[in-house]
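Report on the following structure.
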Amino acid sequence: MTLDEAIYNQLPALQVIVPLIAVPLVAMMRARHLAWLACTLTSLLSFGIAVVITTELLAGATWQYAMGAWPAPMGIELRIDSFSALLLLIVTGASTLMLLAARVPIAAQIQSIRQPLFYAVWLLTLGGLIGILVSGDAFNIFVFMEISSLATYVLVAAGRDRRALAAVFTYIVMGTIGATFYLVGVGLIYMMTGTLNLADMGVRLEQVADSRPVMAAAAFITVGLALKAALFPLHIWLPNAYTRAPHIVTAFLAACSTKVAIYVLLRFDFLIFQESIPNHALHFAGLLLPLALAAMIVGSWVAMFEDNLKRLLAYSSIAQVGYILLGAGLISTTGLSAAVLHMFNHALIKGVLFLAVACLGVRLVQLRLSELGGVARHMPWTMSAFAAAGLSLIGVPGTAGFVSKWQLIVAALEVGPWGLVPIIAIVTSSLMAVVYIWRIVETTWFAHASTAVASVREAPSWMLVLVWLGVAANVYFGLQPQLPLTLATGAAELLLESCCD
Amino acid sequence: MFVTAAIAILVTMALVLVRALLGPTVYDRILAANMFGTKTVILMALIAFLADRPDFLDLALTYALINFIGVLAVLEFFQHRVQSHSDTADKSGESR
Amino acid sequence: MEILGLFNYWVFVLLLMTGLFAIIHKSNLIKKLIGLSIFQSAVFLFYVTLDKIDEGTAPIIRDTDLVDQIYANPLPQVLILTAIVVGIATTALALAVIVRIKEEYGTIEESEMRELDRYLS
Amino acid sequence: MTLVFGTFLLSMMVLVAIAIVREHNLFVAVMLSAIFSLLMATNLFLLDAADVALTEAAIGAGISTVLALGALALTAEAEQRHRPKYRWLSIAIMVLALVALLYSTQDNPRIGDPEAPVHQHVAPWYLEQTPILIDIPNVVTAVLGSFRGYDTFGEVLVILTAGIGVLFLLSAGRNDLLPNPRRIPDNTIRLRQHTIPHVIGKLLAPFIILFGLYVQFHGEYGPGGGFQAGALIAAGVILYGLVEGERPSLALVPPNLLYGLSLGGVLLYGGVGIASMLLGGNFLDYSVLMTDPIAGQHWGLLLIELGVGMTVTGVLLSIYHAFAARDPH
């Protein structure tokens, strides 16, 4: 075995271990620039590993790795398939992009001696999220969920005013309830099967199908993860946490944190409960579809009247969670692949939008729409990037947002006459998105200049380069959606493999 | 033999618990917490013998040590509060 | 005796709900946090209940000549060791947040914090 | 017999939990929580979970009580009475959920049922194979350290996250990350004035630390291991701090050392994993560390438990000092 092969075989483990091992090293550093550099390079390396893994998995295989070399149900197994690969790309990519842009905004918001700790916690968040995605073991997912959650709380609490602390406390309480519910659910399944390995669970649950503990487990896990994913009406922690966190942190979290929870939710519901609970698909859709539709309408509705720019985008995110779960609730290959694709596209869109907000945040303290009048005339590059990403959010043809919304509509049409309801919701919610994006564009470009913005300059050019890189990605994946589409279709087929249709 | 002892300990624990829950002063509760810890240590030792695993006396030892630290911490912080705001601490002690 | 065979699960459910009640109904942040730790403790009880086996003893293997000795299931114990550590980590972090909240707001009552923020905005 | 004991103890536990929720004096609520933890630990012991009982006693009843008291000293001691909105509605929902959950437990396997699925799959393998593959008596340590060593790595990172997080949060607006012994006002009264607790505490502290070391290195043979040992050692140093005051305690074990211990423990754990990768095995495959796989497992377990102990000691003490050395005003 050559060295290349040796490293190649260890890739799944390296994917998760590289950021985690770097944590103590970064935390030891005293110089903030060095800490930033180390953190960014680590994240870049993780992204590289994710790219290599993805190219391997495009064919639709799964990659297994036994931790400690113990065979699967006894030891912990890592299991990467095209669904996890797509999410890995999102998480590591978003982290790298935001870190590259982070130096200036973070220097402005966090004291220099605390910055090494901040970057160490960032790597913990990244490592925790990756750990969830690559894991094939139910309890191991809990452990990594807690690493990423605790680290996320700290990142959010780094926000500059006291309301960040209040938001974080709510977030801690909600997050812990969600995680504990998940833990109870896993315990109930363990009680009925004696195993913690996800694949093994799926097989062994068939023998105890239709028992009350399994139903309770499904309820606990679905509710717990819906709480983590901020599904309406369990979203109350999200707007404040997103609004009060440092801007770059918001950009990172908006791009990936709720999506990882949705990933785990879909895994459990489709791969484990689907077969063991009779009519599970019906229950799942019956519960999820109305909530998803409500989230789409309510989230967009609130966003239309919101004054705070970050809170506005946070409510828009709640609506987007609705889109994703709508696709999943249709329980068809097209629907699921649309959902998974929208996870990817939404990460691209929201990442860019919040990154543009971070650019604004470098120059301005208040991010209320009423005080941003005419800011675009001073920061044209930032705001045109914002507008471009906004178009993608609305779903204008030629952008990434269009592809996944189109897929969603196609999936809804397959359902028959009832599919009209989701289509109406999608169209309504998109029209609302037109309204709130237009409100921002109108205010920032055409409104009378307020005094607060009179003397602002354009954001640092390095950040602009990154924002526009994101915009370019939005257009590229709008015109050439093959890569995410292949992975998403692979994921959908994988999830529905065991299902009825 | 061990069973009888264990039952006696359980009854004592219940009695101590009554004091801990009813108070009325904070000092009662501190004393009750301390005594409850002591009873737990003995119960632990008894269970170890009942289960025929006397090597688990380690656990009872841990409990004894931890209990001591816990009570000292309570006293320390309580004293600290009495001295820093003597009014409020007394009131909260008597009102319950 | 048979009726007590599920008693641990009932206590688990009761504790879960008691904790949840404190989290939802109390305005004091420390009280909420204590509720949260009762909520988490309930799960410890649930998991460890699973490991019990009649006539069994703790899974620390004694002299090898006792071949027919039955041992409890070690796996839930390992999981709960982890969960306890997660619990203390969450508690410590939340306490630090509460201390900071007290310094910034001057109160740790959620209702008062909300009032104060309303003035600010 | 144990079933009856358990029922009795569990009933007491429910009573204590309800009392905690109803109690308005936070100081008393924290004390009752300590009693709750002791009851929990006794129950865990009755359920044959010796390692968990040890951990719950050291962490639940010991460390978390001390931390909560430290935070209380900085915040408030009484809860304000207030009447939440929609009280009865949510109580009704909770009672409904309670009934639903109680209903769902009816199909659970009876406690101690040897036929329960958990005793059929995976667990028997651990009990059978541990003496053969790892050759240590404590199966819990074997599962924790080797079979599911990756979970434990995650757990150490959780603790580290909490440690870094607390330091990060509490350093806001300050010039140093770690508590600085020279900046702490030495006017705190502490228990130094009271001779008996002072003498006993000072006498006991080294023995607690010694006992902690015993638990650390005896973890393969009896209940215990890195977590319990770390908590005990931290408790010993905390005891010293309680009776002597913060400043001497920080001078004895400097914050830098504690920070180094926390990070070093994670590095040691991860380093063992990486070493096994470099020697051609998978991550955390200790068998490749030595020519004899069983000796490799022994060494691996010893080292990772040491890493766990280091991180837990370092983090718990750092967190304690972050609270205790803080000026309440």
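Labels for the chains are A, B, C and D, by order of writing; each one numbers its residues from 1.
Methods note: a residue touches a chain if its C-beta (ideal position, glycine included) is under 8 Å from a C-beta of that chain, and two chains touch if they have at least 3 such contacts.
Predicted model only: the values in this text are computed from it and were never measured.
Of the two chain pairs considered here, A-C and B-D, the higher C-beta contact count falls to B-D. Each chain gets a centre from the mean of its Cα atoms; for chain A and chain C, those two points are 28 Å apart. Taking each chain's centre as the mean of its C-alpha atoms, chain B lies 20 Å from chain C. Averaged Cα coordinates give chain A a centre that lies 31 Å from the centre of chain D.
Residue positions of chain C touching 2 or more other chains, listed in rising order: 16, 20, 50, 57-58, 62, 75-76, 79, 82, 86, 89-90, 93, 97-98, 100.
Of all residues in chain B, those that touch two or more other chains are 51, 53, 56.
For chain A, residues touching at least two other chains, in rising order: 139, 143, 146, 150, 153-154, 157, 190-191, 196. Shown are all chain pairs that touch, namely A-C, A-D, B-C, B-D, C-D.
Residues of chain D that touch chain B in their complex: 1-2, 5, 8-9, 12, 15-16, 19, 25, 27-28, 31-32, 34-35, 38-39, 41-42, 45-46, 48, 50, 53-54, 57-58, 61-62, 65-66, 69-70, 72-73, 77-78, 188-191, 197, 200-201, 204, 207-208, 211, 215, 222-224, 228, 232, 235, 238-239, 242-243, 328. Contact residues of chain D toward chain A in the complex are 101, 103-109, 116-123, 125-126, 146-151, 153-155, 157-158, 160-162, 164-165, 167-169, 171-173, 175-177, 263-264, 266-267, 270, 273-274, 277, 280-287. Taken together, the chain A residues at the contact with chain C in this complex read 139, 143, 146, 150, 153-154, 157, 162-163, 165-166, 168-169, 172-173, 176-177, 180, 183-184, 187, 190-191, 196. Taken together, the chain C residues at the contact with chain A in this complex read 16, 20, 23, 29, 32, 36, 39-40, 43, 46-47, 50, 75-76, 79, 82-83, 86, 89-90, 93-94, 97-98, 100-101, 104-105, 110, 113, 117, 120. Remark: chain B residues 51-53, 56 touch chain C in the complex.
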